[in-house]
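As written, the chains take the letters A, B, C, D, E and F, and residue 1 is the first residue of each chain.
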Amino acid sequence: MSELSHLDAAGRVHMVDVSDKPDTARIASARGRLACAPATLEIVREGRAPKGAVIATAELAGIMAAKQTANLIPLCHPLPLSRVSVRIAMTDLGFDIVGEVKTTGKTGVEMEALTAVSVAALTLYDMLKAVDKAMRIEAIEVVAKSGGKSDWPTAE
Amino acid sequence: MSELSHLDAAGRVHMVDVSDKPDTARIASARGRLACAPATLEIVREGRAPKGAVIATAELAGIMAAKQTANLIPLCHPLPLSRVSVRIAMTDLGFDIVGEVKTTGKTGVEMEALTAVSVAALTLYDMLKAVDKAMRIEAIEVVAKSGGKSDWPTAE
Amino acid sequence: MSELSHLDAAGRVHMVDVSDKPDTARIASARGRLACAPATLEIVREGRAPKGAVIATAELAGIMAAKQTANLIPLCHPLPLSRVSVRIAMTDLGFDIVGEVKTTGKTGVEMEALTAVSVAALTLYDMLKAVDKAMRIEAIEVVAKSGGKSDWPTAE
Amino acid sequence: MSELSHLDAAGRVHMVDVSDKPDTARIASARGRLACAPATLEIVREGRAPKGAVIATAELAGIMAAKQTANLIPLCHPLPLSRVSVRIAMTDLGFDIVGEVKTTGKTGVEMEALTAVSVAALTLYDMLKAVDKAMRIEAIEVVAKSGGKSDWPTAE
Amino acid sequence: MSELSHLDAAGRVHMVDVSDKPDTARIASARGRLACAPATLEIVREGRAPKGAVIATAELAGIMAAKQTANLIPLCHPLPLSRVSVRIAMTDLGFDIVGEVKTTGKTGVEMEALTAVSVAALTLYDMLKAVDKAMRIEAIEVVAKSGGKSDWPTAE
Amino acid sequence: MSELSHLDAAGRVHMVDVSDKPDTARIASARGRLACAPATLEIVREGRAPKGAVIATAELAGIMAAKQTANLIPLCHPLPLSRVSVRIAMTDLGFDIVGEVKTTGKTGVEMEALTAVSVAALTLYDMLKAVDKAMRIEAIEVVAKSGGKSDWPTAE
């Protein structure tokens, strides 16, 4: 086995065998942000583009995308998600996105949380691109994961 | 009509009518990067995780994801893509990703290019997460788009 | 938590946390009908449009759609279905459709049963629309569900 | 060829050949409703379940489902939709749903409009089922279609 | 460019650029067979497993799979199929399957025809596997394609 | 019940009830091959078409297709796959493909293994079709399955 679990001893990809792992309750959260121009935020803040319509659409897209993770990421195991939440908040610089996913399964759900955040960010971008062509998706990362052998960040 | 094309006059979302737009050749390119630890790059550089396996898998996932854009982004129009390319290069700080998409259609393909880059980044993350839990997806943005009314960046 | 499980305390949508619910055997059945003109029924009855081809296609489409429920209904949990049956019978007024779904899981399968019936009805419509433009899908509802906390109809 | 276009001369199903048909602008609209208890409507009206969250989620699900029509209805041709709109209004009896779809293509989009309405109704059902187990989806039908050989209702 | 169109000059995969190709009417047909035991054929012939149920299910699965080709084959271009037909006939040795696909587009549809035949064969296998574990899918190949630069077999 | 599990007593298709079956560890392996011209093999062997690019793309497509089995094969139960591996080797006659799939579930995974092999073969075909129009997919069959009531081949 390679150091990378998705590669076998010969360095070829496979969907790694998790059948001997126990089903445990697992949680992962991820975050990211969409940076945009102040004028773009103003449009949403002033309700010229209803905040609900923009943000609720992106949150829903993120939730639905979490369920597509194993179809998008080639070596991800399909998992029966038991909770998905995506929350978007406006800041002075753009939109902060937090995604949280739970499962009871044999592998962690950080890819599902990251996918939810990524697609929510893409959807915000799509909703706002008519008025701002210089937006940027930034800093998508795992905040925490627990329930497996490699919880993170490590408790001390 | 709102300033935001995905919202109607009442501020409710719809998939905007593009039926009167001409079918034109359109191109969009996007980029982004996955920042990771130097030790993670070393593993790929030294071939302990074959560069081909890691990078080729992510490039392929990005290409396939471009074709799923209209299923992931709620208000995107489905488009018959005529070219998709995703190229990943290693730098000192991680992996640079460039996605290029072409179509002959009624709307631009920047969402397809952004989706390709995002899913390629997520797949790199998935391939490497066994050895690096602090990776971050950074700076996903449109580099250029052409073929529509709002080419970008604007030629001068 | 709102009275509606898909909304949180702030009234924003999420895929509700079911991780603490036990996996129980759950069954749901739903029904509906496609009302059509007598002449349309005659075509099927007389075998000018083979009953098997029309009805079997719609039954199969309903079964396959049950497996897509969590991809269609944004806040539905994905569930490992252990049985799906769709049965269509001709009446004097059109087609009666019954869908039954079973799972062993943490949430009920009434949405899967309703989705199976709905897509079976849509497929019947599609098969017959060349000869009848005034058909109508009617009375899609849950007949019974069991295995969860809120069985229905309530036993007395 | 059978009277039913999806069946060939031998009565077996196929996806009928439309390659010789011209690409024309086509529009279809469909409607339907979800009938529910007055108390359920009250919850939404009084904002205990924010109207936006319930209705906007169902509208978005209907729009996204229109794009899945050819994957759900076995013999439907895939079509590049150029507009999709789903509008839900509250009445004294429940929720009225209207879906409108446009394309430039070789076949009509009434199945796409019906699918959008059906999935919007199913999503409303899903959002409200925690408080009302006796809801019923009613009267899903095509209101109008134009742009093909068999416009409907026939102009006079 | 490599001799293989899906590889670029550097030997890396891409979805090749077809934007400069004209939209032409294209047809492809493919065939294959499922070889099974005589006793298995008897069950279907004698109607103990209704021929319609077994064969019609497999034909429909093949038609639906043709529409999924670009999602299954990584570098396939999505195409608006204008006709799909799958026909299965019983022989002394098993089941012969023929798939025919048409489009008006920039690339050929032989992959769609091959995918339709493959999934029809897999579905026959699935329908019959309870009584025959030694079935074999054989000889899936393109019979003819036309409408592009490389028609096949070559007319003489 | 018919001899064929996917048919009920009346000979109509259903997704058979497996809810009373225990969740057991199940493995299935399948194989197949793509026969091609010696000149085609030479192109891959000499690296004019990098072996990695051709073979790795097909292996990955096979892995991803295994996860789509229940969406392609109408009466297949969805299963949470715990391992998928596809390995392709070059021979004098073409490409040998082996697929292995594991799950812990109520039904076997031979359809998943067969689907992985079939789509890997189709992808090889797609990668090589620019230089060889007479390739043929051959001998797709189950090699072994275990973990259910009907293990195969039978141990002696």
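Here is the rule we go by: a contact is a pair of C-beta atoms (placed from the backbone, for glycine too) under 8 Å apart; a residue touches a chain by one contact, two chains touch by 3 or more.
Predicted model, so just to flag it, every value in this text is computed and none were measured.
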item	value
Identity of the chain that, by mean CA position, is farthest from subunit D	F
Averaged-CA centre spacing for the pair subunit B and subunit A, given as whole angstrom	15
Averaged-CA centre spacing for the pair subunit F and subunit C, given as whole angstrom	31
Residue list for subunit F, restricted to those that touch at least two other chains	12-13, 53, 56-57, 60, 64, 68, 71, 74-75, 80
Topology of the chain contact graph, where touching chains are joined (line, ring, star, complete, other)	other
Set of all touching chain pairs, with the criterion as stated earlier	A-B, A-C, A-D, A-F, B-D, B-E, B-F, C-D, C-E, C-F, D-E, E-F
Subunit B residues touching subunit F - in the complex, by the definition given at the top	52-53, 56-57, 60, 64
For the subunit B and subunit D complex, residues of the former touching the latter	8, 12-19, 70-71, 74-75, 77-80, 105-106
Of subunit E, residues touching subunit F in the complex	2-7, 11-13, 32, 43, 47-50, 53-54, 57, 60-61, 64-65, 68, 71-76, 110-111, 114-115, 118-119, 121-123, 125-131, 133-142, 150, 152
Of subunit A, residues touching subunit C in the complex	25, 56, 59-60, 63-64, 66-68, 80-87, 102-104
